[in-house]
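To keep things simple, chains are lettered A, B, C, D and E as they appear, and every chain counts its residues starting from 1.
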Amino acid sequence: MNETVLEARNIVKRYGHVTAVAGADFDLRAGEVLAVIGDNGAGKSSLIKVLSGDVIPDAGEVLLEGQPVQFRSPHDAQKAGIETVYQDLAMAPALDIATNLFLGREVRRKGPLGSVLRMLDVKEMRSRSRKQMDELGITTLQSITQPVDSLSGGQRQTVAVARAAAFGRKVVIMDEPTAALGVRESKGVLDLIKRISATGIPVVLISHDIPAVFEVADRIHIHRLGRRAAVVRPQDHSMNEVVGIMTGALPAPTAQNDTVSS
Amino acid sequence: MNETVLEARNIVKRYGHVTAVAGADFDLRAGEVLAVIGDNGAGKSSLIKVLSGDVIPDAGEVLLEGQPVQFRSPHDAQKAGIETVYQDLAMAPALDIATNLFLGREVRRKGPLGSVLRMLDVKEMRSRSRKQMDELGITTLQSITQPVDSLSGGQRQTVAVARAAAFGRKVVIMDEPTAALGVRESKGVLDLIKRISATGIPVVLISHDIPAVFEVADRIHIHRLGRRAAVVRPQDHSMNEVVGIMTGALPAPTAQNDTVSS
Amino acid sequence: TSTKSGSATSSGGSGGTSVKIGLVTKTDSNPYFVSMRSAAQKEASKMGAQLVAAAGTADGDNASQVTAIENMMASGVKAILVTPNDSKAIVPTLLAAQQKGIFVAALDTQTEGNKGVDATWATDNTKAGVEQGAYVKAALAGKTPVLAMLDLQPGVSVGDQRHNGFLTGLGVPDGSKEIAGKQDTNGDQAKGQTAMENLLQKNGNINSVYTINEPAAIGAYTALKNAGKANSVVLGSIDGGCTGVQAVKDGKIAATVMRFPSKMATAGVDAAVAFAKNGAKPSVPASGYIDTGVQLITDKPLGGLAAKDTTWGLQNCWGGAS
Amino acid sequence: MTDSLQLAGEKAAAVPDTSGTRAATVADRFFRNPVLGPLSALILAVVGFSIFTQNFLSVDNTSLILQQSVVVGTLALGQTVIILTGGIDLANGAIMVLGTLVVAKLASGHAGLQIPALLIGFVVCAALGLISGLIVSRLGLPPFIVTLGLLTILTSVSRLYTKETVLVDNGPLTVLSKGGYLFGKFQITFGVLLVLVSVAVLHFALTRTAWGRHVYAVGNNDLAAKRTGINVRRVLLSVYVLAGVLYALAAWQAFGRSPATSPNAYPTANLDTITAVVIGGTSLFGGRGTVLGSYLGALIVLVLQSGLTQAGIDPLYQNIVTGVLVIAAVALDSITRKKAR
Amino acid sequence: MTDSLQLAGEKAAAVPDTSGTRAATVADRFFRNPVLGPLSALILAVVGFSIFTQNFLSVDNTSLILQQSVVVGTLALGQTVIILTGGIDLANGAIMVLGTLVVAKLASGHAGLQIPALLIGFVVCAALGLISGLIVSRLGLPPFIVTLGLLTILTSVSRLYTKETVLVDNGPLTVLSKGGYLFGKFQITFGVLLVLVSVAVLHFALTRTAWGRHVYAVGNNDLAAKRTGINVRRVLLSVYVLAGVLYALAAWQAFGRSPATSPNAYPTANLDTITAVVIGGTSLFGGRGTVLGSYLGALIVLVLQSGLTQAGIDPLYQNIVTGVLVIAAVALDSITRKKAR
């Protein structure tokens, strides 16, 4: 299973005089877990915001299953089946967990209440949210009706992850999904990622946690100064090498199998 | 150097029916690095918010150098020399890096311009900010005048850390300061923490990064279900034991030297 | 005030060939002033003059009219007609205009002591109030009045003059117990209705109502009708707008006192043009102003009060037609 | 993420904890209910006036106040939905008034025309809502200026469209003034029923449908809303159009109150409705509030008016008291909120 | 963290990049300057009217418009500072008017009393600012309601204090109407100088002092401000008191415009100033904006008035045009902002 699902060529994104992405390439293959790593400010989030339609690039093209696509808003990307966990979690602070988890995909009541009055099945959404949070190892949650801005950092992040996991159809992108998570909770998310990719849906994982990356990633996209410096396989390189490439201490390996150096 | 600098007894904090802190104790000794670890939602942030005056506890007392203190606002705590990095970084999104870094402690111009017109020395503040960001290993920062909400996650976190480090006099509290940081940048912060404690200022480090904790911590405060489950020394325990205690898989060690079990 | 300095020296370079006349009304969208403007507009074009119109923001607000007058002087008008929002405060500005050799006339409302103007065409609002009061008194036919007063808003001269005039006409002093209650309506229909409803709740025996203008009266009528008191209560008003007169015709309002904005406008424009042509100024009677008069309108004339019927009223009313 | 809430000068109202004991939860529900503040303010006012004036609490007076609430109450609903998205509408009164004028003019003549005229009125108001909605959502201009501009424009347009007061004959247009008696005594008009139903329906739509949650989400954090895939523009548009429809409803209600309308009618509707909304506990920063609260807010103001009139206080002093009491009402609200945490 | 900005319906205006090339930076500075929008709107309006009317751009007219700007311009400064903290002031006109009345009454009689009277006026206005400041900062009530209440109260108080119009004699109180000529031709009054100085001073205080940054921080995210150790309450208080002082200044300016004052003066000052502030590019959600922009906003409105009057358009049509142009002005602003990114 090696066909490319999501691809980006030569993406450029500038903010005023700040160049966040400087001609970056990207490709993601069916069913794989692709880790994206890089220094702070390397341009990882900016790149995936382009892929998820949150940011419109100044140059470059995005291809979904070989077809060029123009996402004008996250809405477009979602319709195309791309689900994203943003680094600064996109949440409505005053609304509760269930509402945020199902925002944009609310569950309606069965029967006329739902179809005619378009009434929501709050019970259902709450119990499902509760289940998903438990699955992700959040044991400390005392009330499923808390507004998300009253959640602990990790709990809030888990809500965002659960949302993406629940609704991704073609691609799931996670921007540092375990940053605020504890040991057990992180493991929960990593397992989730494996489960998702096992179902054939590829996952893009942005992370600074190199050991975790080596644990789950099939390939590692090393991002540096707004570009893709290299793509490597965990089994071909040691963590130190990878970190070296990432920080620029080591040169990017060229001509290596499926590595694209820029 | 074993005298206690900051101490808390039996802190309780409820939000409606959610009990965030359930009778937690805490003590911090001069010049030490005290790590606070615990599951997501264990109550770590709530506890330190009490210590930093951001939250007023429903019960319990806080003692600074033996003297009971009532912080009614972070302002009070800061006057007492306690500097905090909050988990959801406290920043004015539209203001630039330098402004945020020096917010509340702006630098005035030399001479009458400063003393009479109370004019700010913007140049000075900018160059100092730039220096501090560099020191913390943020190499990707392209413009020091960016509003912080345009910074990358890691860059923003670094601003917050730099602020606390620069102004802490008695105690520095950091709530997951490396969560969004890359490998190199995290190292920068850990070194900073060591430097600070070396100057005799104790540091409280909340973190989910157990290896890092074992690297820098003199003692580890293990928080569980709103309480302090145990305080251990890294050299007495393995990481797995500590994680075991934290998650409740292992019982909290009792009667052990300076461990307070609740 | 200098007459000979004449229009030649008027400020800001004269605008075009035809004479430029400025009209500053109290507010822009009040029908009374809309019809005054259109009357002035008609007359001006008839006399081959150019009318520049502007308005203040609200009754009582001087600053907006000062600005308007300044802008007109800047645009080089030869004459300014103004309906003062603040009879006293506007005077210095008008004097300044006269200094520049501009002909100034007040319409509808006198300036204090008729200062700062070359002539005034106005209604005696007190007199208007008196006539309404007198009619209500007659209509009560000896019954002691239980009076509800729907006022304009505190501290606006027109409102106070009509209010006091009415009480004089009715023959009860302010603050006496015959007055069941007062409310401010800002001359607004909905507020008039709410006020009337609340007053009726306060005192069910109300048998006479003073209203500052016809919208307030129509609001009051609705309240009375809903309370089933439309016929048992005497409702008087002031203005002479066409809907007001129609309301009298329909028996909703017992009587109203008509004023004549278009008369004022026409006369004012004529005088302004005359002055621009040959510096002539109208002769002002001892009273200090030319009274364009008020006219009691009712279909049930009472107590020998000089009244005209609504047919006449509808021919001479303002607002609707213009 | 917390700043919008903080900006609104209020902490995130915590929410009942379903994991708590049943009783506790009920108590919570009660204390955390956002309507508690305005409700208690209203009750306090009513009690106060019933003590200090005769027949304030008479059935007549009560039903009267309800009747007085129909127009501003309905307008306030539209205002609330817009404010919930972080917007504001200064043109609501102007839109309604133009609506009444269009309807009255078209219907003048014979009653058969009234219903078509009314329908056209709804179209006009909805269209005007659509216009501000388009400018706000597409060009992203501040609603304050957009609606202020619309206000100035419409005031003149109405005046140019018709010079003077217009009357409508009895018929479908005035049917809302009719009604029946509850318990033989308590008069209730169709208008009152309609406004209560409107409140209920809107409350349902905002709290029990996806659309409602999206409205709150957009007001809460529209970037987040956009990122969760909500079509923010569409939501905004729907809100302004809905508001327009509600203003048309208010126009109909206005005929129920009085068959006469004029271009100068309801000059202070915008301020009155915003006041009601804020007294009702809705944040002007969007994202938090209830339509029920807004309606209670409208009632509070009317109760003060009626009560102070009956107390026979001079209008000048009435204003002073009103000012104080309005502030007090909101203070009460913020106190109950504090209690809730 | 981004939602308050997003709510304000505008993205965080990126800021010049000092690391860029010199030229580039200058260009940036220019394009990212928040005043660019209102400024170009103003210039466009002036150019437009100079083309379509005779003697609009005459020196007389220009200096006249500057004179007309002094009162609303000064009030708008106070309004801006309050709005920057996320507040709003509906009572500014009322405070100023009460100020003028107090001063005029006390000074009536002989000119020697004028200066003491003026000082007392400053105290009164500052005290009123203090009151709303205390209620807003201590009780945390929404500024909209607090100042609305204050407005209703003060309007009545003024009317109880004096029924009719009061005049002041020439003297220190009216000195702002005096002035000299630039280049022999261009008349400039002390009032105009004073308002320009006020703008400059306030601009300095907001952009170059710690206090100014704290004002922005509080408006931006008051929780964060609190956590960085800023005394949010004190900042809020200082802002409302400062606003009060500015309103007193406006009262003095008012005497420079006209020696007469009355309880009914400046009824729409609050709306006028908010309009100026918003046209000036300040966000009603706080945290972003400039006083310079607000003053330009005030000028824009006056230019429209003056120009349209001189064009000899009937007031009703004037309103329509004004409405359209005001929206256009703000649209221009948001376009230049977009350009800037």
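For this structure, a couple of remarks:
Basically, contacts are C-beta pairs under 8 Å (C-beta built on N, C-alpha and C of every residue); 3 or more make two chains touch, one makes a residue touch a chain.
In this text the structure is predicted, and so the values were computed from the model without any measurement.
The minimum number of touch steps linking chain C to chain E comes to 1.
Taking the mean of C-alpha positions as each chain's centre, the chain lying farthest from the centre of chain A is C. The pair of chains sharing the greatest count of C-beta contacts is D-E. Distances between chain centres, each the mean of the C-alpha atoms, put B farthest from chain D. Note on chain placement: the centre of chain B and the centre of chain E lie 42 Å apart, centres being C-alpha means. Separating the centre of chain C from that of chain D, both taken as means of CA atoms, is a distance of 35 Å. Spacing of chain B relative to chain C, judged by their CA centroids, is 72 angstrom. Among the residues of chain D, those in touch with two or more other chains are 1-4, 14-17, 19-20, 155-156, 159, 220-221, 223-224, 287, 316. Shared contact sites, meaning residues of chain C that touch two or more other chains, fall at 28-29, 34, 154. Each of the following residues of chain A touches two or more other chains: 15-18, 88, 93, 142-143, 146, 150. Chain E contributes residues 1-2, 4-5, 12-20, 204, 208-211, 213-214, 216-217, 220-221, 223-231, 287-288 to its touches with chain B in the complex.
Touching chain E in their complex are the following residues of chain D: 1-4, 6-7, 9-10, 86, 88, 135-136, 139-146, 148-153, 155-157, 159-160, 219-224, 271, 274-275, 278-279, 283-287, 316-317, 319-320, 322-324, 326-327, 330-331, 334. Against chain D, in their complex, chain C makes its touches with residues 28-31, 34-35, 151, 154, 181-184, 186, 188-190, 193-195, 197-199, 201-202, 214-215, 218-219, 222, 226, 241-243, 319-320, 322. Interface residues of chain E facing chain C in the complex, by the touch rule stated above, are 53-55, 58, 60-61, 64, 67-68, 71, 156, 159, 163-165, 167, 254, 257-268, 302, 305-306, 309-310, 312, 314-316, 318-319.
Chain contact summary for the complex, chain C toward chain E: residues 11-13, 15-16, 25, 28-29, 34, 37, 41, 50-55, 57-63, 66-68, 70-72, 74-76, 85-93, 112, 154-157.
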